[in-house]
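Each of the next two complexes has chain A plus one other chain: chain B in the first, chain C in the second.
For the complex of A and B:
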């Protein structure tokens, strides 16, 4: 029988209060130990609590961080080679006219709820996404001109398009078009399904408590991962995701042991953590557009090419990147990020030279007026209105750009638009010479809504038939990747020549993790980790 | 126990009885009108100021203009503002706050999910604020000349002037340091979830409360009735509590009521800094995204809270100081 160790006896006899507090203390210590000795689970810090996490309906990148491991996609994009490789579809064929995609599905896949995966399941998923009542914010539009889905037999499914759409494969490789259990979709429906998600991936969805956490558990039956996964099955039994919206608190969460991996660290914190032995820093480039500002070619004075060129040369982009983003971000060289689109973005952008900028302006009659301290032409001041979004360090960058333009004699007003709604509204009024906005994406077709004449984000006001032609050809006339690259190269040089854009830096997500965690790697989109490859150092 | 000079609570209740029913029903009508006005202002100002929710909803660069317009019609957002407003009031009367634009879930259940966390934090913070506020205020008033009084006043000033965004982060860094030194990791880790945010939040509210307590006390301590009470031989402690402190509490109550309503309708910064769920974060996200229904839902709740806590503080004030009822 268990007897109390003699040294504790006096305490035990001293009355009920002491043992109680002692028990409390021991309990706390034990719970401290137990939380440390639970190596089979990790906590991943997310940086934004999304307003909804149904990948078919909601649009945030944050939801993909956990859910990319809950769902498989018909095809995968190998993050190292950029190639599309088989996922839930063993192979696929594309018709001559590029309007019919046939997918031949794997026959050994089951969802986490034991529903079988087949062609009918694919159709149920796509129908769910394109149902207008479901108000899909992203997935629906990723399908482009999809007309209908046809089930040929149990494991063959055909996507019929109204017109060719080159980005389709890229779309189908993303979590937003991941395959969910049709029975779960039907049982819960939009709104509630996000709390009861069922996929086929290496992790199953356990729980989502809004604004608090998301919990995933290893799927022991998983055996159909793409070949580029390093592990055949998940090594970590449980992954919990928590939300840290205030960037200053993220490194605290990591250092205190609350989380094991966390992204979007401020550069100063990242630098500090990188120097510590207990943590590893992973700067992950995010493909898409760089932090950038469009010149408005529809208003004075930026309708003049030479003014735009001068404004470009007046800005020391290297300095801005170092000042605001520290050592981790590459300086942007074009309308798309270097790392992912290295074939497209070839020639470096204009270099910094305020003197040449001044001369360019002098040439066309914008000369310094000594009394006012600004450049004037025909009695009018060189006035610039710059609108920047309030997020993503845009206000700081906007300050530095304003200073650079003031430096060559322009009168600059800076407007910070809080939230996308306000930005859109300010843009709608048309009263700006330059405006900032950028999106992420892995297909260069992203540029279409920014440079096509009726594009939703054609905030430069570009109306160029050659640009239009290039964009259409690249997304519709050809599926040949090399040909597409050529077309986008030409588009990029056009944007350079016309000086439509002031690109600042390519986005880098600064992720830090405890050194005891190995195998952290991300999908082509940059945000989404392959949780299956994570493991603890031996 | 020393017998009390009179039984204030019973007298106050009698006073209330005399005019009671009428006064209370008037208060309720006022309250309903206040909630209605707040919600109406929010309804229109959101639509005029927040930007087009559909543009925000589809801000991924993938939707076309035609698709956005299609969706606008489907959601009824193309109809005249006033008929949208009437619809909104009609469903509000049925207790229906509508659905979130982003998730399609009913706003009521969204609020229900987040509210327990908000109540927990608000309640703890309020308790701490009132406790600390009273202590600091009393110390500031009666020990005005000594160092203790000055320190109390200084702490109250710090509470008022430092924003939670600063004290919160500061507390978090101190907490991290403590974590490096201390062995009781589990104990410290558990502090961060509730105690630390409650203290930080309560500290800010305590400053304002302390100021009101202090100035009220300083005033009533100089009143002639304090001398009279002393002449009647009432003990110093009771003199202080019943004659000096009690009449200085009504203004404290109305400040506390404001703080309570503020805390219970969600605290954005504290929730964000300490990574807690709650109404505050939900509200800010909804405003930024133009998710009207959620904003309106939370405003209905907040307005009702303000009305309720104000009414409560007025009733309590009359119980504490019956002279207030006579003045009305």
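For the complex of A and C:
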């Protein structure tokens, strides 16, 4: 029970409640003001509550937003030039056969729990990731054909590969292979470690309350950041991350002062915020795959190339992008986003022409039946089932695609799969002509799991030896980047020729922040901010 | 005069939306699924209420929405009322163990609000309009069973039923020819009020996205989509929201009016509308 000290009691009792409360209130306000003079923390709005946030185990992009500042990686990718630069490794060498990578580590690095960083720590991390019992969802696959890790001396470590694997450096520059304290990994183990994370980065991990918040605090000892960080140490003492899953609430949270930075704003809100003086809009291109829909080549009628070509031609991608995303998105021209993969020149994708689409279908016997209003062949309706994920404006885009296909005489049913689990389930049943899914990534090897015959996400059901060969050759051309580019160029043309994919738009993450916050920058992956560079306007 | 105090506005609204629902393909000026131009455009000649967030004609969508929302609610109510009546009547004529089981089961299920029960059902059956109909139909049964059972038991306890029993009438015959006909207007009234509940439930489920295909013009899902554009185009949410509220209120007041004119003891009902019989 709260009781007043005895000297206040007469005041409280004798009808002096009002002045006394006022005095309390003024006192509170004064103390609030003094803390407002020196704002020490910011709130960053996350958009999806991940199922888990252990970067070695879990796969979401969301977890990297806070954790990229908790961990350092062996190497970094300079977001401006795209070059790989030293991180926790001062330098590295790659053998002639591209199967052996030697990393020479920095000697002055300590983890947040005062454990020293060394070659043994690197080995402990990688062993933790590749341990099959830990069921890593992403990090394990990012290591490709890794055979083993060898500790040469205290600060030299070697990665041995079974085959060349060109994306390895890209993988090692991401938070999923960030370096965690081996003693913390051992103490907590998978499952619990996500609540007690220990890295070497500019921020320390303080707390994670599931579905509520993640708190980070400045690491005062940090002195080993890569050269492209603008600040040598973090300027903001504390960063709190909160979740805003409902997109309609995000701009409200920002405008009401609940959060200082928030991403994935709906385009209409972003447009409005951009016009306001108190907020800055940061449209951040996200590299990887565009918003896209795969045609299923294993079922009627999309097993016919000409049907797929007609369906591509029936969709006005420019109109869809303008309608759903406003001014903020480029129209996608192939299986990779243009912004990051500009070396891989994509030929312009099939253009919009519903008349040609209709003729293509007429040619192969799908003719409009005046009574039913649909195209029929041998008494069967041109029926299409389109499955779209519930996130990332997919339902809106799906409605417009389905309207476009209805427009050329197909009967379309649209199914929105709520969540990734339901999407996989629906895909597993195989009853679809087209399905949406896209991943993000900075290496074109990303395409492998989508187009390789036994790829995890080969939802087109493509089985093509030419595709297979190009994917393998490209992933092994570690030491010849030009050849890699050429191989991927061939691959993207092939995907276009075979009309396997309907690409819609390159993803742009619409982030808005209070204007008083400066220095917001993102890594090459687009999602991950460099919190160390954030500061308040003077 | 039997029409004294009739809720003219409500009846008028219900007649209007029924006509619109039946004649939707003729009345709608444009295709509700095909975009016709830029999104969120203002009312213009081509499009009386402007376009929605995907550039489709809002008026045509509202018109077709009448058809979808109304038929979901009516089909769901048909399930509830037929099953609820069957069980309620059986419970009333077989007062022993069967009645007690029914009462126990419906009381247990009533602990879960009907809408929550419907959401449990739809979570199992998956999304889609048919699922929504089924879920709302099932979700309403416990409440409706209780109401209809009470009504039938009240009639059963009257003297003419005892006479029929004394005459040797079978239970089935009594139920069919004496209880059911005499439930008449009161029964119509509880059914009508139930339809209002079903309408609210159905539009709630579609608002939450259980309709499956978001391109289906249905008032609940239109309200949900419109919610994201409250700043730019508030009418996208206001119009379907108004249509839903108006319809529910109209059905409710019609049901209450029927209940009061059919109750001989309730003369001045307009002055005594304190009790809310809705669940």
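Quick notes on this structure:
Keep in mind that, in the parts below, the second predicted complex is superposed on the first by the 508 of 538 C-alpha atoms of A that agree within 3 Å, B and C clash if a C-alpha of one lies under 4 Å from a C-alpha of the other, contacts with A are read in each partner's own complex, and residues count from 1 in each chain.
Here, a contact is a pair of C-beta atoms (placed from the backbone, for glycine too) under 8 Å apart; a residue touches a chain by one contact, two chains touch by 3 or more.
Nothing here was measured: the structure is a model prediction, and the numbers come from that model.
In the overlay built on the shared chain, the residue A:418 is in contact with chain B and with chain C.
Set side by side, chain B and chain C differ in how many residues of chain A they touch, and the one touching more is B. In the overlay built on the shared chain, the residue A:258 is in contact with chain B alone; chain C does not reach it. With both structures placed on the common chain, the touch criterion links A:210 to chain B but leaves chain C unconnected. Of the two partner chains placed around the shared chain by superposition, chain B is the only one that A:456 touches, whereas chain C remains out of contact.
By the touch criterion stated above, A:519 is placed in contact with neither chain B nor chain C.
By the document's definition of touching, both partners, chain B and chain C, reach A:248.
For the contact definition in use here, the residues of chain A common to its chain B contact set and its chain C contact set are 248, 418.
Interface residues of chain A, counted against chain C in their complex, comprise 247-248, 266, 268-269, 272, 319, 322-324, 390, 395-396, 398-400, 402-403, 406-407, 413-416, 418. Interface residues of chain A facing chain B in the complex, by the touch rule stated above, are 28-29, 31-32, 35-36, 49, 51-52, 54, 57-59, 132-135, 137-138, 141-142, 190-192, 194, 209-212, 242-246, 248-249, 252-253, 255-258, 418-425, 439, 441, 446, 449-450, 454, 456-457.
Chain B meets chain A in the complex at residues 50-53, 55-65, 67-68, 70-71, 74-75, 99-105, 110, 113-114, 117, 169, 172-173, 175-176, 179, 184-187, 189, 192, 272-278, 281-282, 285-291.
Looking at the complex, you find that chain C touches chain A at residues 33-35, 38-40, 53-56, 127, 209, 212-215, 227-229, 231-232.
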